[in-house]
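Should a chain be cited, it is by its letter among A, B and C, assigned in written order, with residues numbered from 1 in that chain.
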Amino acid sequence: MTRAIDIQGIRKAFGANAVLEQVDLSLEAGEVLALLGPNGAGKTTLVKILATLLRPSSGGGRVAGFDLLKEPERIRRQVGILGHGSYVYEDLTAQENLRFWATMAGLPADAGALRKALAAVDLEMVAGERARTFSSGMKRRLALARILLGAPRLLLLDEPYAGLDQQGKKWLEEVLLDFRGKGGAVLMATHSFGRGLSIADRVAILAGGRIVLNRPRASLDLEELHRLYALATDDDA
Amino acid sequence: MMFARRAWIVLWKDLLTERRSKESLNALFFFAVLLLFLFEFALGPDRERLTAALPGLLWLGFILAGLLGLGRTFLVERENDCWEGLLLTPGDKGAIYLGKLAVNFLLMAAVAIVLLGLFGIFYNVDLWASLAPLSIVIFLGTVGLASVGTLFGAMTSQVRARELLFPLLLLPVQVPVLLGTVKATEAVLQGLALAEVAHWLKLLAAADLVYLVVGILTFEFVLEA
Amino acid sequence: MTRWLGWLAALGLLAGLAMGFGYAPKDAVQGNVQRIMYVHVPSILTAYLAFALVLIASLGYLFTRRTGWDRLAHSAGEIGVVFTGLTLVSGSIWGKPTWGTWWTWDARLTSTAILFLIYVGYLLLRGMVDDQERGARYAAVVGILGAVNIPIVHFSVLWWRTLHQPPTILSPERAPVSASIGLALLVNGVAFALLFLYLLSKRLALRRLEEEIRA
């Protein structure tokens, strides 16, 4: 089994402002990684680079087994990203949204497949309603349905719990655990020590444009993690 | 095959959105009526003068409407970062360009027909006689405007001074299309055969083709975040 | 290298000036005014050279994503606009005594003016996009479209002015050019090309420095 993520020396600068200095990161298949870091640490930038939305200024590696720089098209077929945007068209219904994205990705878009995907995220009741009427939590679910439709091997989640209520958070965890159980890998970027940690196999901290810690979750208790986090982010300031 | 399906689904999605929001079309029709009145006020009620200037006014109005309408089609992609999603879809991005182009073409063709109809009614021009040749000219002109407009519209939708930059880029490039369509329309309205303006039609067709090819090939680079 | 180019260009321009005023004969009809041609024609040729370079560099950038190509495209675009402007101004000055007006919608003058506007838009675009990498990409697309559009603009404007029958070759009426005029033009053309290369290398060096300071 190839590694889900295996990148070295990623640097990304916007003009003169380097957001990521030197990021090395690896993630095995079937693992959930919680990527912690304060706001502005570059988590979103890193997620976007892994999703091939941004090109690194230098460095490289493999994502889902494919070369980050040379094979972005192949990576895109294997990776699902849930970022700040849900990629939901407000004037289309839930089902129409799925149909659009499935067709764009070259996946089967018959009514049966779409209904099944909507049922998996508990949206089959509102399949025919326009996304404009949805809460932000529902839009996230719809986004997740779109992602899972493509049967990705790696999920990149940027603050996945934002905008979800307690029930939604619990539900998301179940989905992620199920995904991991099938051999999928998850990278979850978050600035809070909230729920994400409980299902994480590994914890990494991004600060000052580098990964300053990457350890199995089991080897850390929460107190120690808080201490290390404070240390890492103070260093940065 | 996949290419055509993708292009089609983009068209389907945008037409559905437009039908539900009715944002662009209603505004553009209203804009066309406004233009008609403005031309009338600017040139006075002298019918002779208006008729002489008609082809120019028609296409000027058309291009002005295009400046408003063409830039808009990519704004819907900015909502919820759909733009990013399009970029991440595997495969040739030219399909997205073609789909968007088809949307813009239909939008602008509708505007052209309305504009033409209004001119016919208000200025008492007999359009029926020259309808067939006129529609060829409109087709060629609309493809020319929409093909560059789609490319530049995608580009400028990501730029701060969008409303400013879009016309600055589009208008000079569109000069050949404006010249060709105005000249051809003039001839057609005078009742001349299309063969008389064959060189203009060929030029328009060549321009359309060149713009289309450049658009399909370079769209990928415009879409990138 | 740059310095040598500069001296060569200066030398060439001096020689060109001498050829234009001393060696080439006075025009029988227009008189001395016609000598502005030795600036006018090399200017537009240099502008075309610059825009061709923009096209090549734009393609180069899109394929390789090397900032070097982008710097080249940007610099060539700027210089091209300057020389197009020079063409328009010299054309106007030439037009006043010969046609009796500063501006006329002559086919070549008009298409040059459109060229000017297209590439001014190209430069404006670069100024308006915040992200440098994105600006480079967009500019490359406009640079390519602008260049392939040149022949289309050329013919459309030509037919627009000549009303009827399209001419068969690029330039409709070319009067036979006498050998001495041709030689004077050639010297000036080479001098302008050298000047272009000098300005280009200067601008490239400056742009590199700008980027170093920003980084």
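Note that contacts are C-beta pairs under 8 Å (C-beta built on N, C-alpha and C of every residue); 3 or more make two chains touch, one makes a residue touch a chain.
Keep in mind that this is a model prediction, so the values were computed, not measured.
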Chain nearest the overall Cα centroid: B
Chain at maximum distance from subunit C, centres defined as averaged CA atoms: A
Selected pair, greater C-beta contact count between A-C and B-C: B-C
Between subunit B and subunit A, distance of the C-alpha-averaged centres to the nearest whole Å: 40
Interchain centroid distance [CA atoms averaged], subunit B/subunit C, Å: 31
Centre-of-Cα separation between subunit C and subunit A, whole angstrom: 51
Multi-partner residues of subunit B (each touching 2 or more other chains): 225
Partner subunit A, residues of subunit B touching it in the complex: 2, 5-6, 9-10, 12-13, 16-17, 20-21, 76, 79-82, 84-91, 225
Subunit B residues within the subunit C interface of the complex: 148, 151-152, 155, 158-161, 164-165, 168-169, 171-173, 175-176, 179-180, 183, 199-200, 203, 206-207, 210-211, 214, 218, 221-222, 224-225
Of all residues in subunit A, those that touch subunit C in their complex: 14-16, 55
Complex contacts: residues of subunit C adjacent to subunit B: 62, 114, 117-118, 121, 124-125, 128-130, 134, 137-138, 140-142, 144-146, 148-149, 152-153, 155-157, 159-160, 166
Touch list for subunit A against partner subunit B, complex: 48, 51-54, 73, 76-77, 81, 83-92, 96, 99-101, 103-106, 130, 139
